[in-house]
Every structure is written in structure tokens, then in C-alpha cells.
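Following this line, the structures themselves.
Here come two complexes built around chain A, the first alongside chain B, the second alongside chain C.
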Partner chain A sequence: MSNKNMFMKSAFVRAPLQNGVGRYVCQLQRIVLKFCKSHGGSRGIRDFIEQDLVDFAKQNASVVVYLKPRRHRGPVLVAEYLNGDRVWMNVQNKTHSEITKWMEVLRTQQGDISGARLRKYQYTDYPSVQGPWTPFTFKDPELNVATLPDPKFGANNRLSISATEKLRLMFEKQAISEKDVKTGE
Partner chain B sequence: MAFVRRFTPLLAKTFLNIPINTQGRRIHRWVSPTLIELKYREKKQGGKVINPRNTFLEWNLEAELYAFGKRLNEEFDSDLLLQAFTDRSYVIKEEMKQKEMEFDLKMKDNRELVKEGEKFMEEYIQLYLEAVLPKFPVEGIVGIKNHLMSESVLANISLHLGTKDIILAAEYPVERQILANTFKALVGALLQSSGDEQSGHFVRDFVITQLQGQDVNDYWHIEDPWTMLTDLMSKTGSELEPRLIGEVGKNTLLACYRVGLYLDKKMLSSGFGETVATAKEMAAREALKKIFATEENMYPINFKLNGIPKSTSDLRYKISAN
Partner chain C sequence: MVFLTVANWIRARGPDEFWRKRRIFRLAAHYTGRRRNCYSVAVRNVHRALAYATKARKLKKEDMKVLWDTRITAACEQHNITAFSLREGLGRADIMLDRKSLSDLAAWEPKTFHCLAAVAKEKLNLDNFIDGTDKKEPTGINLNLKDVMLEAWLKEKK
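Presenting the complex of A and B:
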């Protein structure tokens, strides 16, 4: 995480309002296209408005589209989302196809995604279906009937195997396999 | 060249003392004074200035209302929808204004729709929960219903459906109570425009789905689980027996006991706790969860039941009846 990200709003991976469990609701509620009618920097957005905007509004009836012509000021897209987020995007000198793609991004995202820092890449309201761990959770059932002290349960098997022991085991294994070969003859 | 070779170690030594600017996780020194200054200017201005969205130049209430219906995929009657968004406080404010200007325009507020919507929601949620949690007692169902009908839950739903800016109220930002009431009024408006089955599906898709990923046992507090369990078992005539089946760290701060409940010598449930009494209580709670079919690993609640479910509350187990 760089220093810049410390000022970003932190977030978890969440669907707003259990979206999609019941029915899907498009999270973009309104979009404002601000542009200049004569300036060259607004060329791409003017092309978009002339050619694609009506289709966009027809296909996404749930999004309110506003146009705001402003004389000699840079073209801007302002998207507002149901969770209250507002995304401001400068589209100065952007071409028609670029703007089409950015509109698609704004339409399909669920809020100010790029302005949030994810704390984790997973999230759950329900951390465990097993319940919390207790000393009895993974206990061997054999212990219930054993009489202690018992060398079987008292043995110290927590240390890792030593090199000598490993060699001995390897040697024994080899000896057995050799014997097997002889009996085969 | 010889000069350079001779003095290289010296040069290196002097460079060592100069701090190299490395990027670290620290908050810059300009941040605090900047924030203080911003806060000061805000205070001097007389608090944060809030511009309600519906006072902007780019605002069209008719378009917003149309998009609202389309967003939820519902057919609202447009007059009813506007009425559902009109809060009482707005009507009062408008009437005062009209008195000053000496003319009279009748406006309808959403109080009746709120009442209607609330009544329908109460009934529908009750029936739906009874259908999806068939073994849960009536008291538990009422607990879940009260949670779903609470102001905070409804206000959150209402906010995430985009009512915040459309609501006609005297003051902005709108209060949570107005948000919750607007949601109820929306249900009332839908009830009048599309009928009860459609509005039932609306409530199911937006209110009941809030139980997704939640533990339903949280919404019903059982005061004395052991008495409740023994009352339940006394009817069946089977014998209930708690046994201490494990103890660890006795007489220490980290003591842990485990109690198993046996029904006719077969294990029903087990619970653990720092004393035997709490372990027994936990075991009783586990047993109740098993009986009510609301264990932690229960099958997820069905959010896709169509139509209005039939009432089963007469056949259902009631704690208070005992």
C-alpha cells in the first residue's frame, strides 16, 4: 500500500443491499453529461450525444440522463450511484469510442470503485458454520475410553524426525525391497 | 583518476550522513494543518453547506419518478408514486407558503399509504417467514419480523433504492424516519397500482432478502433455554439428561467445560462454557436450534417463494401457550 492510498476510503467487497439475491437493480441512478457546444475538446462527447445517447437512455430506462451545455468549459461525466457515491470524470479530448467505453464502465459499476481501498479481497457476515474452536473440537474419540497414563498418548511425537532416524528408515525400506526381489526368483 | 580513487572512501562517508528520502507509511506534515484550516473555514461559514440534489439546475422530478419505477421493475401509478414521496412536513411547509401568497392548492401526503403499506408488510413478512422457517416458534418469527420492520433496516433499504433525493420533505438531508416511512408508502402505492401478489414479491425481494447471511436466532432472545427445552420435552415423554462430557483447565482462569444433552441415551447436542452452568445453557440453546431447524449450518432461507404463502400460525408451536 502506498502513501497515497491512506487517504482513500476503505471498503470491503460487498454487493449493496444484497443486490441480485432478490432482483437486480442497476446501481447507476443518474448521469450528467457536461460539454461545450463549440470547443474542440468536447468533440468526442458531442459525437456520442448525437449518435448513441438516445439508445443509451432507451436501453437503461432506470438511469436519468441530463445534458448540461456550458460555454468553453471542459467536458465532464458525473455519475451518481444509489449508495450516494458521485463519480466525476474528465473526458477532455476523449474520442467517441473511448467515451462509449467509459459510459459502460460507469453504468456497470456499483459505486466509486476506484476511489475505495479494499481492506480484504473477501468478506462474510457469517464467519463460521462450525462454531468457535474449543479444546474439544478435534479431540481424538479414542481418548474417551483410554486409561491414562498411556505410552501411546504420552509419546512425544511433536519433534520433527532426525536425520539419523530418516537414514535408518530409508535403510530399512531398502532392505525389505531387496528381500522382496530375492523371493521373487 | 588517482585523486578520485584516493578520496572515494571519504566521499562515501560524507554521503552516508545525508538522509535519503525513502517512501514510508507516514502521514505528511502538511496534512494536519491543512485539515485544521479547512475545518476552521467551514466553521466560520456557519457549518457545512448542504445543497439538496433537487435544487440543482439538472433536476427533473418527472424523469426521476419514471426512472424510479423502471429501476425497481414495477408499474407504479404516477400520481400515487408522487403521493408516496410527499412527506407530511413538506405539505405543511407548502401550505404556509401558499397562505402568504394567498392561494390554495390541495396536496396529498403519504400518511395513508404508509399505514396501508405497513399493514401489508407486517402480514406478508409474517406469512413468508412462517413458510420458510416451518419449525420456528411464533415468538421467534415475530422477533425477526420486528427486526425487518425496524426503522434502521427500512431506512437503509429506502436509501439504497434512491429515495433520498426524490423525497419531498421540509428539510434536507432527510431523517431516517422519513426514509423508512417513504418505503412503507411505496409498498402502499404498489399495492394500489399492481395488486397484492406483485407487492408481496417487491417486499420479498427487498426486505426479506436482508436476512441473507444473517443468523435468525439473533433476533429472538431466549431468556431461559433450559426451562423451554424441558417444557418441550415433557410433552413427548422422553427423558432429557445433561452429562458433563469434558473438562479442561479446572480451577484455572481458562477453565472450559463441555456438557452433552442426551435424549433417551442418545446425544442431542453439546455446549461448552467457562462454568458447568453456562455449558449446560449453551447445550440447551444448541438443542433448541436443532429442534427449530435454525442451526448454524442450516440450509439457506428460500427467497424465491411465489405468491402469498398460506397461514400456518394455528398449527405452530407457541411458547406463551404453555
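Presenting the complex of A and C:
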């Protein structure tokens, strides 16, 4: 599909309201962990809840954590963000370590990122420190006060390589340098 | 007693024709004429568009590589070095910069790029490397490397 469809709009990487430049506010509002107490697919999330969930909740006091044990339902993480986005993630048959990593992703996201395609993975307001390249960056400053046509600036000095020069370079390339020669000392 | 699990066992039949065709029409909304309005015409064109999108992912990478190469070559020309020599010199000096970084530097930090070209030239001089390609000299100014301890830095063991 071309970029003209309405759906997958393209966006640049942005931190809304410069979040993180000064103060950082965790954008995750609440996270719901829905799991089954007995089914095998919920094993990873059950391990996570038993071992890592309390630490997660303590470290992120601004995030409300809900647990929903539901029979005969697949395990699911639902994250809600301060901008109103809702991210639904199926964690059926995921291991404990995978779920820990996904929780970290959800915690550090700003919202639902699947709405737009990122054009570039970097963003900066100041792309150049030295000043961007212009055609006059490496030109002789005397051009500013010269009246063209000028014999100095119009000289034909960008000639192609001559046959003599080519032969000389070929000779030098195949020449054996002194340190490669083994002498009987 | 509340039976909540029973609802999970109900199977739903697939969506009917209107919705199946709507999926195609939404992707063809910006086409002209019958390609936007008639299903049998639209579906052929939508499938081609999707196939093009698949193939273009690889082509985009190739296009970007060519663009970067063009920019690096253009920047090198201003500094009396060929792109090949630049890559060789930077590689021998253990400066691992890829095409994207080099082209970004050439466009946004021209002085840094000039210094990189000078480093590459100096390294190739120390290694007695001869580049036989036609540089069409002279175009640029060679940097004044007197006060810079470049030789010492290039010769130290890493």
C-alpha cells in the first residue's frame, strides 16, 4: 500500500512536551494483567506476578497495577496511557523473561506507537553544530571580491590523468619496496 | 449461577461480502475511475500495489545506499581524495563509520568530514598506499596538519 492511504500515517520520533529533556513523567497510567490461574499459557505471567510484580509496583509508584485472574481466558496485558491510548498485548505462551521485557517496553512508551510509521529513528532540532554544507563552504574567499570571468578562477586545472602519470603510478604500485626484500644477513 | 465460559465456545462465521470488499476499497480510495469503484478492477490493482510495497522495502535500502555513496563521493572530490581511498584510509585507522554517518557528516558537519579526509590521506601516506584512480586534482585545500599529533596517533598501537 502506498503512503497515500489514510491509515498508516507517517510520523517523526517526538517526545511530546519535551518529556525527559527537563523532568520525566512516566506516561503509563495503569496496567492490567489478566491471566488464568491454572492454564499452561499463563505460566510466564504467573511467574512474573509471583517474582517481579511487587518490585515493579514499588519502583513505579505512579502506575496503578491491576490483577485480574479469569478462568479459561488467555493471558493479556492492557496498558493505558496518559494521552488516552490503550495498548492490548497477548502474552500467551510467553516466558517470564519475555514478559519482563515487554513490561519495560510498556512502561517506557508514550502511548500506542502502532498508529504511525516512523520515517526516521532520530530527531533533532539542531542537526548541525558547525553549520551545514553550502557550495561556498570550501571555496576560496577571494571569490567574494573577484569580478568574473577571472583567469585565476577560470583556469583549466582539473585535467584528467595523463598517460605518463598513469604509467608512473602503475610502476610504483608494482615496485618492490626495500623492507619486503629479504637480504641474507 | 453465572456461566461465563460458555460464551467463549461460540464460533462466528466469516464477515460477509460487503465487509470483504470494503477492505479492498479502503486501500484503493485514492485511485481513479473504475479502479476505485469496481471491485474486480480494484482488487487486481490493490494486489499489485501490495506486491510493489513488498519489493520496494529492499529497493529503498539500495536507493539510500546509492544516495549516500553519491554524497560521500561529492564531498571527497572537494578534498582531493577518492571515496575508495577514504574508505581504505579510515578502515586502516580503525575509524568505523558507515555510509550513513559519513554522508550525514559531509552534509551537516563539513569541517569534521574535511578532518576525516585528512586522516585518511595521512594514514595512506604512512602506509605508502598508491591509489591509481583519476582524482582530477587540484580542487581543494590540504589541511595544515603541523600542530596536530596525527602521525603519533596513527602509529600508536591499538
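We take it that the second predicted complex is superposed on the first by the 104 of 185 C-alpha atoms of A that agree within 3 Å, B and C clash if a C-alpha of one lies under 4 Å from a C-alpha of the other, contacts with A are read in each partner's own complex, and residues count from 1 in each chain.
Please note the rule applied: a contact is a pair of C-beta atoms (placed from the backbone, for glycine too) under 8 Å apart; a residue touches a chain by one contact, two chains touch by 3 or more.
Just so it is clear, the model here is predicted, and its values are computed rather than measured.
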Which of chain B and chain C A:L148 touches, first, second, both or neither: neither
Chain B versus chain C as contact partner of A:I176, first or second or both or neither: neither
Which of chain B and chain C A:N83 touches, first, second, both or neither: first
Partner chain in contact with A:Q18 - chain B first, chain C second, else both or neither: first
Touched partner set for A:Q29, first chain B, second chain C, both or neither: first
Contacts of A:V129 with chain B and chain C, given as first, second, both or neither: both
Touching both chain C and chain B, counted on chain A across the two superposed complexes: 1-2, 6, 128-131
Residues on chain B engaged by chain A in the complex (per definition of touch): 23-28, 53, 57-60, 63-64, 66-67, 70-73, 156-157, 159-162, 164, 204-206, 208-210, 212-215, 246, 248-249, 256, 258, 272, 296-297, 303
Residue ranges of chain A touching chain C (in the complex, touch as defined): 1-2, 4-7, 71-73, 127-133, 137-138, 157-161, 166, 169-170, 172-173, 177
Contact set on chain C toward chain A in their complex: 4-5, 8, 26-27, 29-30, 46, 49-50, 53, 75, 78-79, 106-112, 114, 128, 130, 132, 134-141
Interfacial residue positions of chain A with respect to chain B in the complex: 1-3, 6, 16-18, 21-23, 25-26, 29-30, 32, 61-64, 66, 68, 80, 82-84, 124-126, 128-131, 134-136, 139
